Amino acid sequence: MQYLANPTRFLKIANAVLPYVWAITIGLFAIGLYGGLVTSPQDYQQGETVRIMYVHVPAAWMALFVYSVMALASAVAVIFRHPLADVAAKTAAPIGAVFCFLALATGSLWGKPMWGAWWVWDARLTSMFVLMLLYIGYMAIWAAIEDPHRAAMVARVVALVGFINVPIVKFSVDWWNSLHQPASVFRMDGPTIHGSMLWPLLVMGLAYSFLFLALHLVSIRAEVAARKIRQIHIAEIGER
Amino acid sequence: MKLLLALIRRDLALSLRQGGGAGTALGFFLAVVVLLPIGIGPDQALLARIAPGALWISLLLSVLLSADRIFQQDYEDGSLDIMTMGPVPFELVALAKAAAHWLSTSLPLAIAAPLLGFLVNLEPQAILPLAASMVLGSAALSLLAAVGAAVTVGLRRGGLLVSILVLPLYVPVMIFGLSASQPGAAPGLTTASLLILAAITLVSLVVSPLASAAALRSYLK
Amino acid sequence: MMPALDAGIFHYATRVMELNAKELACERGGRIVFRNVALSLKPGQLMQLTGPNGSGKSSLLRLIAGLNEAQAGVIALEGGDAELTIGQQAHYIAHQEAVKTALTVHENLAFWRDFMGGGDVEEALAAFDLTRLSSYPAGLLSAGQKRRLALARLLLAPRVLWLLDEPTVGLDTASLARLAKVMAAQLDRGGMIIAATHVPLGREPDLRLDLGVAA
């Protein structure tokens, strides 16, 4: 951690590993998509529609995972005051939000054949929706506060409070859902899923993770560059 | 302790004298409530069904819209600066200010809302559980509103942002508040919901002062 | 419990106190405001802080009060209460007067008395000639009167260090004399004052710090 905190050193390492990360990402996507779309069987109830799962479920995983990364980076920023941790949290947010949006959109697409409606307030979709709001709020804070130093400090608070909120929301929404309707139409978790469907799902999950890693490294690099440019501009304007 | 009571007393006096406290929030609450029958039609059975939810949503929005009062003025006139230099931790100052907001705004609203339930045909037997859940939940509402207010205190147009930030935090409060006041719910469900609501309030009690104070400090810098 | 504020009866210096700062640097919005600022203040000393606009006079005072974070350097109140921050042992008077317009003059001070943990409101009001106004809402006060109300806070709880940011703004001659008297009493009982101003304070400062030069 300490070692990576130096932006220059970090950039050097990031530049070195990025091509490999991209290559692994593409490879994993090829395998995962082939497994999910070609070799895995149709669902006996859902038919071909089940294949949305290979896009949807990993996206939902990633939306949660990236928020955790953001919160972890914020906690590191609070405790160790590494400026790079703030950059990591800031740049993770839009990527996580896109994963979250992808999960919501594919969930909605899946809902049409499954429930006959584009949107059903099922517990998972509702929790995902609240998570999306948390992402939007976090990004809005960065956008609203001009001074990057201050924005970073306030954003840490927002990320950590949001992170505490996530499991509480999950719990409450499940509770709410059980009051209003019986258990979900489909369950994708647990060992009930057949192996021929499970391995492409896991590979896709891995592919998404590497995609996140690649995108995150690229965004951190861009953010560090943007900050350098800002510093140069300030220096050019003069000290006073 | 005496110091914090003095702070609460001052904030209560200010909210009474400047207006915009419980009175204005109650006005806003009524405005939202009146929109409901107009929006969905005056069908009594339908209104009775949605009454607890409608009242909770109106409560959330009213509390939220009064949130900027918690820290804004003290931030602008420099009082918060001095408060960081007091003999108690700044976290307790943030807590006292949230408490003052609860006493001046959320609590009166939480007491008034179930009584105004007749406007949306709230079933009489739902009044008591609704009141209990609202009073208990209103403390969490103020505490979380304080976080939103602190996080946006130096922003000129923080109002919208407060809503985006705080409403997701309100989701669990409302769910368990409603679960406690479900018409015809089993007594066990009501008790369990109230207990969970109390737990959420306690978590907010810990998180809110820490988060608010941290956010305020970064604006004072 | 509270020691009386009359000079001579109460004295801060039960221990030898000294405010020391070294190699202070301050950054705002990515811009260096000042760097390498050092100061040393002993009991009974008044320091006048000068420098052009934007040289960081207010920033330095806020830094000492603990409201800003120094980008580099250390500040210490040696001989002070180790349990407390420097801010908790200091009074800070800024451009923003922390006056509530909806409260009366007396209520404003009474709140700060309770918050700061002691002091005599009547005495503080009298020192700045506000007794006559004590029951009026502070919103009715003129700018100078409001300023006096803010300054009256200095006399509530005895704090060893006073940080004054342009304390004389809006004050008339009589009020200036009152401020000078109050400041003299603070110095006599072993207090320290740092005042950012270009206006004469009614007494020769013991030390001067020009931030325009220091930066």
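The first chain written gets the first letter, and so on, giving A, B and C; residue counts start at 1 in each chain.
In this section, contacts are C-beta pairs under 8 Å (C-beta built on N, C-alpha and C of every residue); 3 or more make two chains touch, one makes a residue touch a chain.
The structure displayed is predicted, hence computed values, not measured ones.
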Which chain has its C-alpha centroid at the greatest distance from the C-alpha centroid of subunit A? C
Taking mean C-alpha coords per chain and comparing to the overall C-alpha mean, nearest is chain B
Per the C-alpha centroid definition, the whole-Å distance linking subunit A and subunit C comes out as 49
Centre-of-Cα separation between subunit C and subunit B, whole angstrom: 37
Distance between subunit A and subunit B based on Cα centroids, please, to the nearest Å. 31
Contacts with 2+ other chains: residues of subunit A: 149
Give me the residues of subunit B that touch two or more other chains. 221
Within the complex, which stretch of subunit C touches subunit B? 62, 65-69, 84-85, 87-88, 90-92, 94-100, 102-103, 107, 111-112, 114-117, 153
Which part of subunit B faces subunit A closely enough to touch in the complex? 147, 150-152, 154-155, 158, 161, 164-165, 167-169, 171-172, 175-176, 178-179, 182, 196, 200, 203, 207, 211, 214-215, 217-219, 221
Sites on subunit A touched by subunit C in the complex: 147-149, 230-231, 234, 239-240
So in the complex, the part of subunit B that touches subunit C is made up of which residues? 2-3, 6-7, 10, 13-14, 17-18, 73, 76-79, 81-87, 220-221
Inside the complex, what are the residues of subunit C that reach subunit A? 29-32, 54-55, 215
